[in-house]
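Consider the two complexes below, in which subunit A is the common component and subunit B and subunit C are the respective partners.
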Partner chain A sequence: MEIVLNVVREKIRRKMLYITTILGILVVAIFSTGTGTLTVGGKSMNDYYVLVPILINVLNFLNGAIALAISCSTIPQEYERRTSHLIWSRGVSQSRYHMSLAAGNVLVSWISGVILYLTLGVFAVVNGYSEMLGRIAVASLFMMLYAACICMLTSALSIKIPTLFTGTIMVIILVCGALRSALNLMTAALTGFGGAVIKRAVLLIPNLAGISTQAGNLVQERPVNVHVIIMGLIVIWIAGLLVITLRREEA
Partner chain B sequence: MNDILVLKNVQKKYKETAVVKDLSLNIKKGEVFALLGANGAGKTTTIKMILGFAKASSGDIEIEDGAKIGYSPETPYFPEYLTAMEVMNYYAGIEGDKAKKDKAYLRSLLEVTGLEDSKIKVKNYSKGMIQRLALAQALISDPDILILDEPTAGLDALGRKHNLELLKKLKEQGKTVIINSHILHDIEAVCDRGVIMRKGEVLDTWTKDESDESLEDKFIRLVGEE
Partner chain C sequence: MKKAGLVLYILVGAALVISGFATMEKGLKENNREVLYKVADDYKELGDMGFAGFCPLDYKVAFSDGEKDILVSYNDGKCDYIERKAVFEGLVGSVYQDGDEFQIVVPQYDTWATLEALNDEPLSVVVWHEGFHAYQNTQFNLYENITDDIYSETELSSIIDSDSAAKELFEHELKILSRIITEENSGDAVEIAIEYTKTAKERRGLLADAAAYSEDFYTKLEGTAYYVEAQAVRSEMGEETYIKNYLDTASKYVDGNAKYYRLGMLECMLLDKLDENWKDSYSFDRPLIEVIEDYIR
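Our next item is the complex of A and B:
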């Protein structure tokens, strides 16, 4: 627990969470005060019932980026600074150490996400839509799942792969996951062994952005796709196993 | 005196290159033991193997049952946004022993290494202060064996003198200390015994006051030979 809390303390003292708060206030303020003009199909999006799902997607995207940024560097940084030696010399195993750092990343991303959602909640109340608070609160659970998926996967990759490559691979996973339907169509025409491999690889890419979309669906009282939620939980489970299993030879 | 740490024919290979070759050591309880050698001699790898950071390719490392180890690394890094007390509290928390989280106890360890419980963050510490903090955190578990990698590196004359005095006190308390250092004058001042290594092998042993030849002369004579 000490290691988990220290990750959070580091991000707080490095003013990471202040940046999140400012970002949240800016995004929500710009969208909801009309200083930014958002139109969909020529229709102004001033109505909060329409605006909130869009804002949730924007905030989830922002929080996903924050989760990715913090998780890319936490574990490699510990090895670079060799703080790992002072932890291991106290009998902490690599598995426990990696899992604590990954859990710290998840906790930071949740705090950051809650700050963003709180901003949204405050603006909803100020604009007279306090009845939306309950749904925004439930939608924040999807944000937590989405952020946890990104943090755990990124943390697992960062144990073995340099920071830059981890970030790049995660961006590719996120983009390809979001574009999976399009990729399925594009790869449908592929034939032969190579084609079969590519088709299966596309099927294996998790659509993490889909979790974020479910939050918007919930707020708009549309059906929530439970399969996407289960997929998110499976991703966390697999990434958790990787975090526990993957080891660095020495540091 | 009983042996608290024994290395038997320990070898460490990275791919096909052996960095520690057939190393055997018997370190006695309560002695201050030196690992000496130029860069690349295999001293740090030996320490890593004793601490369990690196696995020996062959041979055995036996540590007395229940013996606790404290470790101060060569280039210590502490989260720069913490104060010395927060650093101590953090590592005490990881040890998992609630008694060790006692503020008065941690403050006494800071004081014994010449630091104080202040609001100054680690980022404002000098290299010497960080070295002292490294020593203080190594003492948290009240270890039986203290492994110090270059404990006087980067310290000014006063800091070095202070740390050497502290090492003498720890020896008086019955602690076993293993030191890896390039500063031979310091080794002569505090150590009882040691080994001189080159390219992973023990060239010779050294015992305090065993001969008229100074450690420095012996070191240059042995390590300087190719």
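Our next item is the complex of A and C:
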């Protein structure tokens, strides 16, 4: 637990959460106050019930990017600073140490996401939609799932792969995951053996778009697809297994 | 990590995998089923649109992912389905002939969702469009009329799009016809029909027989289906989307085959103005322009 909290303290010290707060207020304010106009299919999105699911998508993606940035360097930096050696000397196993650092990353990304959702809640109240607060609060659980997927995968990769490559791979996963529906459409036109292979490869990308869609469905009182949530949990579980089993030679 | 912790972790993983399988939608997915319910709701409002005996849900609908089809028979809110190997590869909206039966083939909703969000075109509307082709072929054997004289849509477009004089006249035809949908001219249907047929004949004089014959065929085949599709969009998405996606674009010439869809839809709209019962006696055996001419003789 001490290691987890230490990661949180470290990230606060590095002002990561201030960036999140400012970004969150900017994004939500731009779309909620009439300063900016969000148009979908040529129609202006003024209704908050329509706007909130779109904002949830944007905020989840933004928080996913923050989660990636937070997680990318945590484990490598610990080894660079030789903090790891202090931990080993106290008899903490490498699996537990990596898992604690990954959990720290998840916790920081959740705090960051909660700040983003708080701004969304505040603007919902300001715009007279206070009855949506409860559903926005439940929707934030989906943000936690989204962020945990990114944090755990990034943490797992960062154990073995240099930070730059981890970041690059995870940016690709984040963008492709957020555009899973569009990728489904693009790959649907592919035929033959190559097409079948690419379609299956797309299925391996975490369905981040699906997670955000379920949050939007919840806010709009539409049915939620439990399968998408379970698949998200499986991604976290697999990444967690990698965090537990992967080893750094420096240790 | 201690052994007990690892065992617990593995058990959680096993539980997740089992839950994943248990919640996986097999067969007909709920969002595909909803598409059919939506078509059924539209039908309650729109009926056969004047085309006697037309109902898209009279035909089986195959939701395809390009590898397998879920072939659904809809009957009064009940969906019976079977799974089969996909009859078309890739992203397809079409009709498939299985013996004497014509079936509608559309992409699965999960694949279509992005297009729906971008274009305001629900999958249910594609079912209406393809359902109309199934109707044309079941009731009027339209595909049987396809002979070697009819160019493919791609061949025809490349011929027409490369003739600048004919292209200009085509654009003029669309402009004349689109006056039927602008309020200030909507009362002059006969006048519009006379001017349109005159311009259309002038342009046909520039084309080879095979090209003119092919144009008539596609205008009749696709134009009427586009007309039906537009009415379904109007009912489902409202007047604003209908005007933006169908009426505002109707008079615009585009390379490719979309212009035949637009021309045919406008011809149907002109016929609606000339005689709202024109569909009663129409059996897809002649070009729409000939039907228009009957009303101005």
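A few notes on this one:
Simple rule for what comes next: the second predicted complex is superposed on the first by the 221 of 251 C-alpha atoms of A that agree within 3 Å, B and C clash if a C-alpha of one lies under 4 Å from a C-alpha of the other, contacts with A are read in each partner's own complex, and residues count from 1 in each chain.
Operating definition for what follows: a contact is a pair of C-beta atoms (placed from the backbone, for glycine too) under 8 Å apart; a residue touches a chain by one contact, two chains touch by 3 or more.
Quick caveat: nothing in here was measured; it's all calculated off a predicted structure.
A count of residues in subunit A touched by subunit B and by subunit C gives the higher number to C.
Once the two complexes are overlaid on the shared chain, A:96 sits against subunit C while remaining clear of subunit B.
Once chain A of one complex is fitted onto chain A of the other, the partner contacts of A:13 are limited to subunit B, with no touch recorded for subunit C. Judged by the touch definition given at the top, the superposed model places A:226 against subunit C, while subunit B stays out of reach. Using the contact criterion defined above for the overlaid structures, shared-chain residue A:182 touches subunit C, although it does not reach subunit B. Listed in rising order, the residues of subunit A touching subunit C in the complex are 40-43, 93, 95-96, 99, 181-182, 184-185, 188-192, 195-196, 199, 223, 226-227, 230-231, 233-234, 237-238, 240-241, 244.
Touching subunit A in their complex are the following residues of subunit C: 1, 6, 9, 12-13, 16-17, 19-20, 23-25, 30, 65-67, 89-91, 107, 110-115, 117-120, 240, 244. Here subunit B touches subunit A in the complex through residues 48, 51-54, 69-71, 73, 75-79, 81-82, 90-91, 93-95, 137, 141, going by the rule given at the top.
Taken in their complex, subunit A has these residues touching subunit B: 1-3, 6, 9-10, 13-14, 81-83, 85-90, 92, 250-251.
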